[in-house]
Amino acid sequence: MANVSKSSRTAGQKSAPKAVPARGKNGFKPEEKKPDAAQTAAPVAAAAAGAPQASHSGMPTRNPGAVNPYLPHMATVQEVIKETHNIMTFRVVLNDQEVMKNFHFEPGQVGQLSLFGAGEATFVINSSPTRREYLQFSVMRAGEVTAALHGLRPGDTVGVRAPLGNHFPYQAMKGKDIVLIGGGIGMAPIRTLLYYMLDNRADYGKITLLYGARSPQDMAYSYELPEWLSSKDMECVLTIDREAEGWEHKVGLIPNVLLEMAPQPDNAVAVTCGPPIMIKFTLEALAKLRFAPEQIITTLERRMKCGIGICGRCNIGEKYVCVDGPVFTYAELQGLPNEL
Amino acid sequence: MRIGVFVCHCGSNIAATVDSAAVAAAARDFDEVVFSTDTMYTCSEPGQTGIIEAIKTHALDGVVVAACSPRMHEPTFRRAVERAGVNRYMVEMANIREHVSWIGKDKEANTNKATELVRMAVEKLRLNRPLFPKTFKATRRVLVIGGGVAGIQTALDCAEAGLEVVMVERESTIGGKMAKLDKTFPTVDCSSCILGPKMVDVAQHPNITLYASAEVEAVSGFVGNFEVTIRKKVTCVDWEKCTGCGLCTEKCPSKKAYNRFDEGVGPTTAINIPFPQAIPKKAVIDKEFCRYFTTGKCGVCAKICPTGAINYEQQEELAQEKVGAIVAATGYDLFDWRAYGEYGAGRYPDVISSLQYERMLSASGPTGGHIKRPSDGKEPKTVVFIQCVGSRDASIGRPYCSGFCCMYTAKQAILTKDHIPDSQSYVFYMDIRAPGKAYDEFTRRAMEEYGAQYVRGRVALIYPKGDKLVVRGTDTLMSSQVEVEADLVVLAAGAEAARNASGLAEKLHISYDTYGFFVEGHPKLRPVETNTAGVFLAGACQGPKDIPSSVAQGSAAAAKVLGLLSKDVLESDPQIAQVTLQRCIGCGKCIRVCPFQAIRETDFRGQRKAEVIEAVCQGCGLCNATCPQGAIQLSHFTDNQVLAEVEALCRC
Amino acid sequence: MSVLEGKERRIIGFLCNWCSYGGADTAGVGRFSQPTDLRIIRVPCSGRINPLFIIKALLSGADGVLVSGCHPRDCHYAEGNFYARRRLEMCKQLLPAVGIDPLRFEYTWVSASEGQRWQQVVTDFTAQIHQLPPALRFSESPDLELLRQCG
Amino acid sequence: MADDIHGALREAIRTILPDVECVLGWGSGPDPLRSAPLFMKSPEDVERFRAGELAVNNLAVFLPEYAGRKVGIVVKGCDSRSVVQLISETLVKREEVVIIGYPCRGVVDVAKIAAAIGLGNEDLEAGLVERAEVNGDTVSVTVRGETKTFPFKDVMAAKCSICRYPNAVLHDVFIGEKAEAREDSYADLEKYEAMSLEERFRFWEKEMERCIRCYACRNACPLCVCRDHCVASSREPHWLSQADSTRDKLFFQLIHATHLAGRCTGCGECARACPVGIPVGLFKRFINRAAGQLFGFQGGLDPEAVSPLQRFLVDEPTIKEKEWK
Amino acid sequence: MNAALKFLPHEHLKAWLEELAGTMRVLAPQKEGAAVVYRAFDPSREPELIRKPTESAKHILFPRSEALFAFHKKKAPFAPDSLNPDGSQAEKEEPATPAMELTPPEQPGPTVVFGMTGCDAGGVTTFDPVYGGRYQDPYYLQRREATVLIARACNEALSTCFCTWVGGDPANRRDADILATRLENGWLLEPLTERAERVLGSTLLGDAGEAEAREAEALHAKARAAIGEAPDLTGIEDALPALFDDKDFWWSESAACLACGACTYLCPTCHCFTITDEKAGLSGVRLRAWDTCMAALYTLEASGHNPRGQKAARLRNRVGHKFAYFLKNHQGRISCCGCGRCIKSCPSSVDIRRIVLNALKRAKGKEAANG
């Protein structure tokens, strides 16, 4: 009689605590998270069904306070920015000032933004942890929830479940040259990392940003571009797919422009986010430029619901994009089933 | 969404039985309502200003007006919000007047119901999306179907204004019913003197292409871009060659052909030109009577024709025309009075229809303008006119009033006296309907100056007595039986829809009523439009009309066409069906049921999908109710919107 | 409160914009008094009415549903009501399968000019619904019970 | 089923195999009582083919997946009607399917056999069956070494005893003598209609409570062609909530029935597929009876037919509208 | 053998359950139509303790749908009429931002499930590491803690049973709180966890001894024998990923699949859900409801992209999750308890055992071919 179950457990789940498996194979080991005061102080948590702890306290958890991870923070939209015809940016502030003050997240982490009645959707927090006056989400209109979110106005109430997922290995990137490559709405996660690095400028080497969009009108954060272009702390290259009137920057697809720029791979890390097709060719371009898979970081998108690794749908093999991702090195992706 | 609610008092029209203020107060508890008030007259200038102010002050992006029927004022409020910068389709109305305050006096129930209707409107509005019309190119040409006076008027007005006009006439000449008339009321001026020059204008106008002896075979396309197939009937005469000299009609040995133009009063030849002023003046062979066709031998006309225009082997031809608008001006036909057994059902030759009488009165008619009894050719001294034959009679399925019979009967009574001074006319009538300018005076003249005897009552029976016809009826004013021994009885046959009007309506995708008359867009507000964009109505095809009304409507239709085609591009109503490509499985059920062929199959990345032709879709939503997966949704009447309304009503 | 308890029943009408909605307007203009139970949902055409709207309403607690369109041949969209007639009749025949009295649903044709007929239809149908017991309701899943409350 | 028919069917399948991507038939299932769909691509696959009384699945459900590719399909009479209906709705192209028909005497109802096996008060399940055989008019089933024999008609699927079309109504090849048709007087509905309206309502309330919303009824239905786009889980349109609500679950059944009105071919797969035994086929029986009475229509008989709800008559002689005073 | 063995004579079963029902929710399998489902214990009816329940018991801890919370928008009071009835403007005041109130639902109290199968208990313990893992799911965990699971040992095996393949046993002592064995004269109740004590205090229960234990053991052995030898699944967690790109394999294994959710919804270990909002007026609920990985919509992204658009990809993920991915994340535990419902209830007779065995065979074959 075969039994592949390697650990026979007793009922009641009194197994020994297991540490969170390290995510990342190339030394980008995320820090263990500090107990999150923000979460425990969530106002709604008081009324929430608190989890029984007795027999499960041994479980490793990112939520040591054992608050209800499904209850969102109440937040208020402070500012709405229409970025492009289908992208809007929302700056939100958590209603509980104490929670807002102590809210901690890492660059690259995501949040579930919800409109009560329409539902939740996942977006990267694209403001920087170093700039704390609001949390910023950029939303591209695609489905029902995003369409509803596009109806938001300043003063409206939203729900925020954040931070969720892993983050960019900014610690391990210290001292290296950084190549940031963002395409379309993929600029959002890049933006958070960019500001984080600019705010900790001394920790990093040369910072190069390549940002591309279909047309000038499709370029989100256009109001920030002049600052990026003129900044002495970074090199910023902009490109659009096809010639447009009045456009003074590059024209061409991101991978081609990247090859033209030819950043040096030595002691460098490339971070690329964008639509799947752009990622595919950018990865090829980076390979041509002799970036090793371990030197390339990207983010994945998957349909998500719970955001905490339970509901099931965002897995790629044994990895759950919502908790094991969204940030992966190219080396990690190569080890996963080909199901993107 | 930030919604504002405006509850109208409509003076006391609503407020008398609905507590408008309470409704407005209740609306404040509805989701997304950020502003709610009651106003005295929401549609008035201050009322509309109030909406505009509120939109600006409260940053509203949707408005619910609880007032009268949306059929009344929806356009008004759409314009109002548009003035405030809100998309015009972000308005919903709750009908608390026609559907609430006016139909019940229970204020509690009414107020509650009005609140419910507002809740429902709010729930629907929450799912409204701004809609924007699309533009498309239009062909600046118009098709006029029917060459009667209405069609002629439309054609000339359009042609004068620079549009190209294609006119299709079923008969071999234009002119319609009016061409058959001798004189017209109330001026008693000569019909052909008025109409003749207009007909000539049609023939000569460079912007008008005339197809006579032709019918519309098929219509496809949509407003601005119709494709019309015209079937040219067989005339056996090559009209390119025919000069209308009339030699053939003189020599034709078949002289007993039915004279359609003269309504069968007197025969005509098998090859004929209907009347001297015919436009186009071209000969036509009536195969039923032509000896060449009935016996196989003859060919006189072919021999005599100086231009060799006769072609017995002629085949039907189809012509294609592209037009941007269509005007139906197909007129009417006379009711077939033989349905009335009490009038002899056609057995008595001296009982004739008013139009036959008209041909008799006409100087260019078969009798040369002399009134003669069909039976013996004698001049009648006693003429009885019977009105409402096939009008206002539910028993034969014609409950409507034909409108013009009272007037032409009076005219014919006057003309009878003119023609035969020693004659006496009797008119049996139900009511005299003479509401037009100088109309009532005209009927009075018939009675007072011309001595026509008007008898109010129905004729029960006509029977022959010697060479006379006894007309027996009741004088309802005197409550007595009346019998008149008449030499001639003229029946004022009513109007009915033109032969096969319904067939044409189906080709044009327009509605027709139970009687076959075409249905206008709105009886008051859209009298010459139809519910099919780009198709208009002129004249009696929409309902019985006299000449002034027909001409007026002809011009009105022309004005609408000119307005429509004043630009090269048209805007389509955006309240139409939309396909969600992701959900469409391409099963084609929507395509099958669409009454307007407004949906076609397309290939989207190798998959079959439905596609709505935006300019053609009329927004009926049949496709929406047909699509099992709800992939095609009618904007502003989406499944979710109707479900939200249902849900709002079923809550609690 | 959606209906006056003990006084009214929950009756939903689906009316085509062009004929029946106009007929109801005409009835209003004529001040033809009618029971207050009916709530009218305006749709462009009876052909727009998915029979499932009717079933949904009846399963959600509506006591009666009345559909009215243009008379056959008078459809604003030429043929919408022809399709509607078949679908609605099919729907009526399906109702007893789930234990819903088919008398809870009627469909008819009223033109824009038939104000009096509309009054008659509303009056008759409302009386018909009042003769039936209130509609049966499913024991609702506790998750959704909340949504039944007013708000 | 006779061996010679099996042999001839296998031969027919082998003959068309080179021309098609695969041939849809039946093979053995997880236990001797159940067959499973078999997708034959090679002559060796054909050896595993078995038709007959245990071949319950309606394989027409798979045809739309193969659009654009030519396949063969072995059909019972009821299956063939589904194929015909799909062709009439242009969801399957006639030229893309090779239809092999055979006479069907009826198929077994596994639930009925399970009930018939019942040993004392222990109504043991069909899953315990070690061996099953159909011999002429009897079915022999061996459970725990003990063989029981039942008349075939007692364990036949209900739809088969009222089957009017036991032979493929459309086929390229037909193997065997045509089987005899039976009559359908909708007696099952009359029995159901003996319940009062309220009893029916409560009946469904109870039945639907155990529905797990797996939508096997829908996915097994060859005419549920919306597949991944079913309104059951869409938000636009949002007909149903995701709540485990008896009302919504019943409503889904009515959606299914309504969408099948004038299309259903009565194959009964919806009810057979239901893992918790809810008689969901009843609603389709209602609409099929109505389609017959109102429009003289039965689904899946004529590949040229248009569904009665996709057409109309200006005067509908069979529709008796309410007369208002 | 545990000294605390209890014996419940058959004639006391209903009395005992009734007694428990006085203080807690008692659920037991019940025949309903053609199915056997879990229902609140009804003293007027016999619980069904022979046939395998048609549905698994997971919905007791993980309902088919549940409200995560209700939300209610509290509207701020309005300013007085800002427009006078005559249309003139009055003083206006913007209403304040409405507040959103969240209310988590009440959870059911103490519960006991009597008569679930051992495999169903195995399903529960595959839930535990998921719902009490990196994040704690309070809804599940609260129910889990409040529920005593009494599994009955199986005396029979259906043709679709295969619990022993995946580490289960007809007499499952690993997963339940109490193991109940149906003996000739009554039930032998063997407590397995501390929770068991909550229901074993009744005076209706007697003590059991060696004889009963031996009788039970003999029955267990018989049932084990009925299932037969379990094949060796060693290496399956590598075999499945190795076949990930083997399109032919997954096409042929999934050809008959109808992509319905019967397998996953009947499965005691499938734990996926979706979250949707339902709203009416100012109130609404955020619902969590079972979801199935066999549905295309499960992974359909708003952009229209679907990483598992084909049913072959979905079946591959389902089998892969159960027999490979889960093992890697949860110490070798297979996310399958061998209850066989997915096989028995599949309208198309798709057999996960066959897929797993075929996969092992094919992967071995490939390995061999690759040297």
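The first chain written gets the first letter, and so on, giving A, B, C, D and E; residue counts start at 1 in each chain.
Quick note on the criterion: contacts are C-beta pairs under 8 Å (C-beta built on N, C-alpha and C of every residue); 3 or more make two chains touch, one makes a residue touch a chain.
This structure is a prediction, so every number in the text was calculated from the model and none was measured.
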- [ ] Would you mind checking the shortest number of contact hops between subunit A and subunit E?
- [x] 1
Task: Number of steps on the shortest touching-chain route linking subunit B and subunit D - done: 1
Task: Farthest chain (mean CA position) relative to subunit E - done: B
Task: Centroid comparison with subunit D (C-alpha atoms), farthest chain - done: B
TODO: State which chain is most central when centres are taken as means of Cα atoms.
DONE: C
Open item on the list: Tell me the chain pair with the top count of C-beta pairs in contact.
Closed with: A-E
Open item on the list: Based only on mean CA positions, could you tell me how far subunit B sits from subunit C in angstrom?
Closed with: 32
TODO: For subunit A and subunit D, let me know how many angstrom lie between their CA-based centres, rounded off.
DONE: 49
Open item on the list: Using Cα averages as centroids, what's the distance between subunit C and subunit E in whole Å?
Closed with: 43
- [ ] Indicate the whole-number Å distance between the mean C-alpha point of subunit B and the mean C-alpha point of subunit E.
- [x] 69
Open item on the list: Multi-chain contacts only, two chains or more: what residues does subunit D have there?
Closed with: 227, 235-236, 239, 241, 243-245
Task: subunit A: positions in contact with at least two other chains - done: 119, 144
Task: Where subunit C touches two or more other chains at once, by residue number - done: 56, 60, 73, 79, 83, 87, 141, 143-144, 147-151
Task: Partner subunit A, residues of subunit B touching it in the complex - done: 1-2, 59
Task: Contact set on subunit C toward subunit B in their complex - done: 1-4, 7-8, 10, 12, 17-18, 21-22, 24-25, 27-29, 31-36, 39-45, 47-50, 53, 56-57, 60-62, 71, 73-80, 83-84, 87, 112, 119, 147-151
Task: Of all residues in subunit A, those that touch subunit B in their complex - done: 151, 153
Task: Footprint of subunit E on subunit C - complex, ascending - done: 141-144, 146-151
- [ ] Under the touch definition given earlier, write down the residues of subunit A that touch subunit E in their complex.
- [x] 1-13, 15, 18, 20, 44, 47-52, 54-56, 59-63, 66, 68-72, 74, 76, 114, 116-121, 142-146, 155-157, 159, 276, 301-303, 305-306, 308-313, 315-318, 323, 337-340
